[in-house]
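In the two assemblies presented below, chain A is common to both, partnered first by chain B and then by chain C.
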Partner chain A sequence: MKKKVQKRELLLQGNEAVVEGALKAGCNFFAGYPITPATEISEILSVRLPQLDGTFIQMEDEIASIGAVIGASLAGAKAMTATSGPGFSLMQENIGFAVIAEVPCVIVNAMRGGPSTGLPTMPSQSDVMQARWGTHGDHPIIALCPSTIRECYDLTIKAFNYSEKFRVPVLLLVDEVVAHMREKITIYEDEDVEIFNRVKPTVPPEWYIPFEDTPKGVPAMANFGDGYRYHVTGLTHDIRGFPTSRPDEIDPFIRRLFRKVSQNFADIQIGEFYQTDDADITIIAYGCVARSARRAAADGRERGLKVGVLKMNTIWPFMRASVEKVLRTSKVVIVPEMNMGQISREVKRVNKGDAKVFTINKVDGKIITPQEILSRIKEVY
Partner chain B sequence: MSYRYDIRLSGSGGQGLILMGIILAEAIGIYDGKYVAQTQSYGPEARGGSSKAEVVVSDAEIDYPKALKLDLLLAMNQKSCDDYYMDLKPDGILIVDSTFIKQLPTPRAYQIPFTRIAREKLKREMVANIIALGAISKLAPIVSSRAIEAAVLARVPKGTEKLNRDALKAGMTAAQKVKKISFPNTPAGFEDEDT
Partner chain C sequence: MAEITRLIHEYLRHDKKFPHVWCPGCGIGIMLGALIRAIDKTGYSKDDIVLVSGIGCTGRLPVYVDFNTLHTTHGRALTFATGIKLAKPRLKVIVIMGDGDAVAIGGNHFIHAARRNIDLTAIIVNNNVYGMTGGQYSPTTPYGMKSTTTIYSNVEHAFNISELAVTAGAVFVGRGTVYHAKLLDSLMEKAFAKVGFSVVEIISHCHTQFGRLNRMGTAVEMMQWQRDHSVTVEKAAQMKAEELKDKFKIGVLVDRELPAYQDEYEKVRKWAKGTEKR
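Right after this comes the complex of A and B.
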């Protein structure tokens, strides 16, 4: 039988594309509390999930939302929540719980101006470091950042895949501009998209060791209710899931949490180089600012300046190898950000001195314009 | 080199500017098949305050999604007209809702009382934005009337199709009238450029 190609050409908002991506990835549980600029994700999923036999719950707050997401994931669901700065702050404690209990889940943070209630309807990129270190304790984290509507779709799928593959919470950092921007996107229903589902135990329940080390560092995960009884706790635990204070059990456990992400760095690094090969000036940017950077580079080239762009889609773990590459080949590196300098500090940290690193920090609730980047280039180059 | 056509629809919250932006982007992107990026900015309040939607059109992938120098500015209140007029290109098109805008920054502006037409002819003030869309399709060479009609009908709630189609038509008629008054010496052929 010939396969029917179903093609949908849509004008989607960033938030709508996140929903499409999540459903494509198999998301069947959402718990959240509406907040601008992430509300559309809840709004649309509240209609779509019940139609697909999934579950949508509006919780009393963000603490309960992430709690419900973790519980649903432990029971086998592919679970997600979406929020913005204030809600993201409330979720931090339980994000740590998802890290230590190794519960796959996806948390969307549509970044708005902060601190506190801040600027509900205006964009910012100020939660980058909160994404990294918002929850206490030493832990690895994966955070992705789209700059186009297509990337909202693709990276949401990737976020689910990483969370299932490594049993980690994955953060999707969308800024208000991208969350509310609309662009045309073509979705092919039978597109061959890689969807990864968590590895389930193949041994009988009585042989199951829930937090056993494996070469990949990711233990098989049994659904609650499938007959595999095990203990889940936020306390540092042994391979059976019970609290431990033995140094010889604590150390390998914490190291394994790091290892399962670090040994897959190559798989997690997503980014794009635009004309960086011959560039004297490279702009390192992410989110909506990456689009301004592209424009600035094109305008700069027209004026005879050799400008390139490194667009980062993976924010954490930091794309060290790619950044080091442009630091080696460029004379000047510019890091425009809608914060007081969060990624630029990382860039400066890995800079061995071959390039000069300059920042553009904009915190007035407006997107950085191509003109502002060009002016900065003229100032420093 | 690819072209870029920057549109800003501005006014106050509650006038339906963001919906206009979505419909315009859909008409140009889905029905006319060009690249579009639509963005918006508004305050935390639901009504009042200032609101704007922007649509960037190109024949190639769009990098910077916000409007730069404007090819088309629609102003639905005096404040937005005053604030954004300076962003208009020298040959850019300015369309104003003359119900609210009494002081014009330039004589080269199309003045159409969208809100008054909505109130008096269609008895529903809320379709002022759809009337404006109809006018845009006749005044700006960026979207076809057919595409705008298809996009409007696909977006509006069921049961309001007739009202909205009438609103579009009213906008198109008003635009054609005002074009003759504002630029009586329009060269032949320009009039059909948009269809």
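Right after this comes the complex of A and C.
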């Protein structure tokens, strides 16, 4: 007998697909403050979460939202918030708290043009560097970026998985185009999706070392109320969680925070090569621009140009190995971005001179079109 | 075993964290004593108590006690506590804040937590100053007083934290001083027993910063000042406005019944699931 596949065909907006992905991943807590173009995520979760015995709360601002998310996660919830540039700026201090206290959580930033209130209803990719360095202090960060509705779903699940696996805040950078665009996606209810939940301590409470320096770098996490009483602080702390200013305790701690991400680069780097093997020209793109890049490459091929695309879904940590690969094999690399050049700086940084790197920078709130990419190719190649 | 020894053994962390950071004579220690005695009375298991604090001298308190403890960012303790409470309502969540923490940088969270009537107890040590950063003026520094950033004299007007809490919707508000340690015990016990947003404001002294700049004397003299300038709510009711001019009220300022947020939200879940009609 054939197993009946539970299939849902949905015409979803990016924000709706983020919600579907979050719920699939087990999200049961959301705190947020309304802001275009992320508002739909709040609105939908305010309906869905209580149906599933979860919690939705609209906080008084974004600082409160991320605070509540971190608190909920410490008590065992899978928690998320969603915002756009102005709110993302407000969240920065507490994102750093989630880094240092190693609290899993997911933060969606539907990027708008900026600075300040900027362009609420138009797309942009200008928060790439803020995602990397927005909170103060040296720290690692994971940021993912979808370019299709399917990727909104998949990467939201990944974001939760990484956050739980590595005990880190994970950022999902969506742009206004992807957030509001609709595409059909098929979700199979019994699909074999890997869902990762934080590893809990198995030792008795008196043996538990909450911030232990394990080889993997990720200590087991006890939830508040599970019988393991311990201290959580934003101060630099020792392996028991108590504040320390001893250099011999600080150094291994900060290095461990980096190590737990850097050791897992291979797992975290998500991207795709399209026809890059024989490409003379490679376009490196992410978010909505990756869509135009695919189209530009296809059109270019039709005209006899060997064009390929490296689509980046992982923005941070930077996909250095993949970028180096196309820099080695291509003559020209084009980095189109809806900012003044944020990822292109990284591409140039790792370029050993094998390829020439050119940028396309658009900051007028309009998406970069395939034609614009093609004319840039003609200009430089 | 003497009661005090038992409480110390039961509730203070013995591994690593002493001596503490506070100045000798600081009022925060008295408040810590009252807190432990009151928690002991609640009958809660230590595993089910979460102590959340912000940043400041007061915010350093949780590290010394053997509960689930969380030392957050400056002003944001109530937001973290809100998440904890909603994610695991069976936990007793107590929030410890300084005056700057609670009503300057965290003022917005404070009024909204009260408005929502989320089931938390906020304990605020009001020493009229930013102690930790060295004695700058806070929103509770009285008009005309000195601080390291109002060296000529403060020309701003002070918040009355307890009245703010009452107005914003807290269901229980009590005020005490570190001079009246026994009163603190009973206010905290009542606050912990209350379901909904409860506030205990504790008038304390920072003799090393605020006291020194304003020539208020030693810690003991500042506690005598607390004694001389406070009147119980009951006594105040018999006094004329004139007599109350430079006095503040201590005792239970408000004790009222309102459904707590998490119980209201439980209704939302039922409506959402269709198991109950709105």
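General remarks:
Convention: the second predicted complex is superposed on the first by the 377 of 381 C-alpha atoms of A that agree within 3 Å, B and C clash if a C-alpha of one lies under 4 Å from a C-alpha of the other, contacts with A are read in each partner's own complex, and residues count from 1 in each chain.
Going forward, contacts are C-beta pairs under 8 Å (C-beta built on N, C-alpha and C of every residue); 3 or more make two chains touch, one makes a residue touch a chain.
As the structure is a computational prediction, the values presented were derived from the model and not from experiment.
When chain B and chain C are set side by side, the one touching more residues of chain A is C.
Look at A:C288: by the touch rule set out above, it reaches chain B but stays clear of chain C.
In the superposition on chain A, A:E183 contacts chain B only, with no contact to chain C.
Touch criterion met: A:E9 reaches chain B, while chain C stays clear of it.
By the touch criterion defined above, A:A79 lies against chain C but remains apart from chain B after alignment on the C-alpha atoms of chain A.
In the superposition on chain A, contact is made by A:T369 with chain B only, not with chain C. If you check the complex, the residues on chain A that touch chain B are 9-11, 36, 120-122, 177, 180-184, 288, 291-292, 294-295, 298, 367, 369-370.
Note for the complex: chain C touches chain A at residues 13, 15-17, 46-48, 50, 52, 62-63, 66-73, 76, 78-88, 90-91, 108-109, 112, 265, 268-269, 271-273. By the touch criterion given at the top, residues 22, 25-26, 29-30, 35-44, 62-66, 68 of chain B touch chain A in their complex. Those residues of chain A whose C-beta lies close enough to touch chain C in the complex are 28-29, 31, 47, 50-51, 53, 55, 57, 59-61, 63-77, 79, 93-94, 97, 223-227, 229-235, 238, 240, 242-243.
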